[in-house]
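Shared between the two complexes below is chain A, which pairs with chain B and chain C, respectively.
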Partner chain A sequence: MGFYAVQSLNALSFSMLLLLTGLGLSVVLNLMNFVNLTHGSFFLLGAYVGVYWLASGAPWWLAFPVAFVAAGLAGFLLERFPFRQFYARTHLMQVLLTYGLSVIFADLMRWGFGAQILSAEIPEALRGVVFIMDMPFPIYRLFIIGFGAALAFALWFVIDRTIWGAVVRACVTDRGFVETLGLDTRRIFTAVLVISAGLGGISGALGAGILSAYPGLDEEVLILALIVVVAGGLGTFRGTVLSALLLGFAMTFSKVWVPEFSNVVALAVMAALLVALPEGLVARKVRQV
Partner chain B sequence: MSSIADGTGRVEARPASERRSLPMTAKVALLALAAAIPLLFAGDYQLRFLAEILIIGTAVLSLDLLVGFGGLVSLGHAVFFGGAAYAAAIAAQTLGADVVVMLAVGIATGMASALLMGVVVMRTIALFFLILSLIVGQIVWEVVFHWREVTGGADGLRGFPVLTLHTGFATIPLNNGVALYLAALVLALAAYLAARSFVTAPIGRALLGTRERQLRMSALGYSIPRIRLMALLASGAIAGAAGALYPFVNQYVGPNAVHWTMSAMMIIMLVIGGVGSLYGAFIGSAIYLGIQTYVSSYTDRWQLVVGLVFVLTVMIMPKGVVAGLKAAFGRRKDAEGRS
Partner chain C sequence: MTERFPLSRRSFLATAGATAVTGAIGAPALAQTANKPLKIGMVTSLSGPFTALGESMRAGMQMFLAENGGKLAGRAVELIVEDDQAKPDEGVRKFRKLLGQDNVDIVSGVISSAVALAVRDVVTEAKALTFISAGSANDLARKAASPFVFRPTKTNWMLGHTAGQWAFEKLGKSGCLTIAADYAAGRESVSDFVASYQQQGGKVGKQLWAPLGTTDFGPLLTTIAAERPEFIFSFFAGSDAVRFLRQMREYRLHGKVKLIGSGALFDQEDVVSAVKEAALGGLNTCNQSPTAPSSAAFTKAYQAARNAMPGEMGTAGYVTGQVIKAAVERVQGDLSNKEKVKEALLAKEVETVFGPMPFDPRNNQAILDIYVNEIKEGAGGPVNQVIHTYKAVRDPGPVA
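Up next is the complex of A and B:
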């Protein structure tokens, strides 16, 4: 019993990382209709920033805001050029542009940070384990669950319940109309992209504690986040949460039950989901004509 | 929501070559001359390299059928190519490496994986298609990577019998650069002609229709899943034929041949060469592999160079380098004419 409780918590902490990364991706995809495959690079950048910050001896909790700022700044610059030119283009062109950029960033980061695996030094306050039904569980993972849940809730609240969120959602529906109300939609889009990139950075810094930071992590994370966002269904917050939980639990428990074929099983679960529901878990109603 | 499909602009099903002024015979002669030049000047290593360009270019050509004409951006295309490469490599160890048998094995494997992929992805489009093909591809990669007894796992397979061609009189070994280059050349030419006849045939026009006006096509009574499945099968057959020869060029096939990054690489090649042009597949493959081979001998940062070339292509010449250069020259000529 305790074993499964701990494994569930493991799955939950991994789901939370997937959710945070996926949310960053889905905010841009759903609110700006922009496919941003450089999101994995933001994650890896955040992870490197986290690793170096935690090793530097500065106050540990600042690592996360710093990772947010670093990735957000990268997002800000990229939004200026060249993302902005591609908002009106098709998804294919956006995929191509951002994938190409992610190849460039992957190589730049390999150049700058080296090819070795850098593991993060977990801060004193979060080290150690707690006992859950007599089974040890790392405090750091509990921290990920709590921090991630708080962040995801805050994001949902801002987008769904505040006037700022309403403005952003209005931009999706009718950008011209929002302009006539005297709001600069370009600045709104910039803000959304910066927040998304920052979220990627924070997830990276959080994830560095369990995943470390190494070249190639950006692609692995990007693929998982893409699967989460797309399998959840485009345009829904609920769907992203559900599919992050599904993938997180599928990956964790398939490692427990069928260790050799864990990824096959987890991927097959997601494939089956998309075969059964080709529009994702929660489909948006779209008029075809 | 814009579809992921229609990014390539309008692609005429009629290849650009037919509209040019040179007569057909002259073009064929020019092409034959161009193909003969490497035989005179290139060494064994370069000929093998050219064979690799042609083989991977053929796989990219098959991807162009899906992306350029069906608007189906697949991140699982490496399964058709790499799967066939593995099948040929495994079959060669028991059946011997007769080139006809290898091609048959490769084509059969390519079509079987296309059928499998087609059944799974049939109902999805756009981003959903992209992700589902990626997932299917990664499942295959996991199997290849972990099934050590058959696939060699992470090490891959190496050391195959010599590829041979049985003619009526003699058995010709295809183990030197010249023979491999010629074999790849024949393969590429046959694949190009097959792909061209596919896109000009009614099925090819119907495929364009499913990309441009999905709803109208189904209203006209076309079965969209069926058309897409046909396209996948044709594409799988061509990719499979290319995959069948691939292990024999470097005497090696590894799990990277089925990984999604291989599919992504093919998409990069396709975009550099020009989506929907068919011949662009070979140009893109030559540019990419050229950068990879020649830049990597000067610097470790060849991925940076590839990335930059790719991003610049997407930003400046979204229709590929050939169309982009043509447009640039055309503009200059116009300007001269006016002044």
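Up next is the complex of A and C:
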């Protein structure tokens, strides 16, 4: 009983990491119809920032906002050039551009931060465990669950329930019309990209406590995030949440029951899902242009 | 990515100049070939999953050559380093390039066993003098052994076998759980450990496998917490090892359950320096230890140069240099007769940083001292401390 309770918490904490990473990617894909494969680089950048910040002795909780700002700044600069020039291009061109950039960033970060594995010092306050029916569960992971849920909720609220969110969504549907209302859509897109990059950075800083930071993490994370976004269904927030949960639970419980085949089983579940529901878990009802 | 040893170009010019002068005044032709620069090719992983290991290996070799003034047996050395990205096909391409295009006298390096197995036919066909610095699949010393391929490194068996002996004697006769990365090296290490442990009468409990590149060990660690084993044998390397050890501590298993593994799990430079206290108390069997008596001078020099204690790969690069030096010096720099080089190298053991290193004449595999290391608090943080040495461990070789 305690065993399954803790395994469910394990699944939940991993799902939260997937969700945070996936959200950053899906925000840009859904709202701007832009495929951004440099998202893994933002994650890794955030992870490095987190590692260095937590080791520096400065207040630990600032590590996450700082990672958000660092990655957001990178996103801001990239949006100016060259992302902006590619919004109107086909997805294939966007993939080529952003994949190429991600390779460059991987090399730059290897050069700047070194090739060795850096692991984050988890702050003293979050280092303990709680015992759930005699089974240990780390407090840091509880923190990730809480933080992730709060962040995801805030994002959903802003996009779905506020006027700013409505403006962004309107931009996607008909950019020209929003312009006629006197709104600068370029600035809106910049803001969305910065938020997306920042989300990547903050999830990197959070994830560094579990995953460490090292060259190659960017790719590993990007692939998981892509699975989450695609299986969740393009253009839906709820879908991304559901598919992050599904992938997290599938990967966790396949490790519990059939550790040898955990990747195969987890990915087979996601593949089966896509075959059954090609539009994703939650399909968008609007017409895709 | 081609890199040349910085000292060598200068000394190459010097030697070339000297050769021209002696040639002009009519020195014998033989002296001229002996004075030609010695070209050493090294293939290692400078991108891909083993990047950090590859950079350490290159640094070890460069350190060795620098200490020798860029010269071996009087011949200036030109080192050409190539990147195999830890991919077999890329490794084959780079070996072909070094042998066919650069005309190197010696090829060396390699981290991935898959690359070592893939290039085996290339170097065998070319009858190239080859020194494999680190590929450790057992088959490399068995079915895939080759007359001119020397292996100044361990096999998985040498580590798994000794870990099994140590575990049975010191850790417990039962209550063993194994958890390892699910790929060739992990499978091989665990099966060698289990065979050795069971042979003595030990009982192995649950065996867990985690895919290569597992990000979250949480579910597996919860399973371990529920199993309550006496001790764990484990094989992980690189980022997997770091995450495994950190998460062991996160789940409060560190310190509660004894952990023993193959050297890579607690590699000094790659893993221990990253996980720090989470490594304390861990045991491993390895052909390398920064605290082995044979490594004392090297450990100090490496720390000065790289600001880190040496792990297996940095040491392997250096040791490869030492073995090449022994081979070249024993034939006075004349590598034209490869049979003679081989005979000279097999005739007597080489004193290396790993320890004394005789070669097995059946397969050119090094016979090595295997250290049992325990991670203890040292002056500069946790360090691999030798607590026992298994002398002259020899792979069963081609008969196994």
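By definition in this document, the second predicted complex is superposed on the first by the 285 of 289 C-alpha atoms of A that agree within 3 Å, B and C clash if a C-alpha of one lies under 4 Å from a C-alpha of the other, contacts with A are read in each partner's own complex, and residues count from 1 in each chain.
Everything that follows uses one rule, which is that a contact is a pair of C-beta atoms (placed from the backbone, for glycine too) under 8 Å apart; a residue touches a chain by one contact, two chains touch by 3 or more.
No experiment lies behind these values; they were computed from the predicted model shown.
Colleague: May I ask you to decide whether A:Leu181 touches chain B, chain C, both, or neither, giving the answer as first, second, both or neither?
Modeller: Once the two structures are laid over each other on A, A:Leu181 reaches no partner at all.
Colleague: Classify the contacts of A:Leu96 with the two partner chains as first (chain B alone), second (chain C alone), both, or neither.
Modeller: After superposition on chain A, A:Leu96 lies in contact with chain B alone.
Colleague: Which holds for A:Leu118: it touches chain B only (first), chain C only (second), both, or neither?
Modeller: second
Colleague: Report for A:Ile210: first if it touches chain B alone, second if chain C alone, otherwise both or neither.
Modeller: Only chain C is touched by A:Ile210; chain B is not.
Colleague: Is A:Met1 contacted by the first partner chain B, the second partner chain C, both or neither?
Modeller: Touch partners of A:Met1: none, neither chain B nor chain C.
Colleague: Tell me which partner A:Pro259 touches in the superposition: chain B (first), chain C (second), both or neither.
Modeller: Once the two structures are laid over each other on A, A:Pro259 reaches chain C alone.
Colleague: According to the stated criteria, A:Met270 is in contact with first (chain B), second (chain C), both, or neither; which is it?
Modeller: After superposition on chain A, A:Met270 lies in contact with chain B alone.
Colleague: Pick one for A:Ile227: touches chain B only (first), chain C only (second), both, or neither.
Modeller: In the superposition, A:Ile227 contacts chain B only.
Colleague: Is A:Val129 in contact with chain B, with chain C, with both, or with neither (first, second, both, neither)?
Modeller: Second partner only.
Colleague: Where on chain A do chain B and chain C both make contact?
Modeller: Dual-contact residues (chain A): 260, 263.
Colleague: Where on chain C is chain A touching in the complex?
Modeller: Interface residues on chain C, with respect to chain A: 48-49, 51-52, 55, 182, 208-211, 213, 215-216, 218-220, 222-223, 225-226, 238-239, 242-243, 246-247, 250-253, 269-271, 273-275.
Colleague: What part of chain A is in contact with chain B in the complex they form?
Modeller: Counting only chain A, the residues touching chain B are 33, 35, 82, 85, 89-93, 95-97, 99-101, 103-104, 106-108, 111, 219, 223, 226-227, 230-231, 234, 260-261, 263-264, 267-268, 270-271, 274-275, 278-280, 286, 288-289.
Colleague: Which chain B residues qualify as touching chain A in the complex?
Modeller: Where chain B meets chain A, its residues are 1-8, 73, 120, 123-128, 130-132, 134-136, 138-139, 142-143, 146, 215, 260-261, 264, 267-268, 271, 301, 303-304, 306-308, 310-311, 314-315, 318.
Colleague: In the complex, go through chain A and note every residue touching chain C.
Modeller: 3, 6-7, 10-11, 13-14, 110, 114-119, 122, 129, 135-138, 140-141, 210-212, 214-217, 220, 224, 251-253, 255-256, 259-260, 262-263
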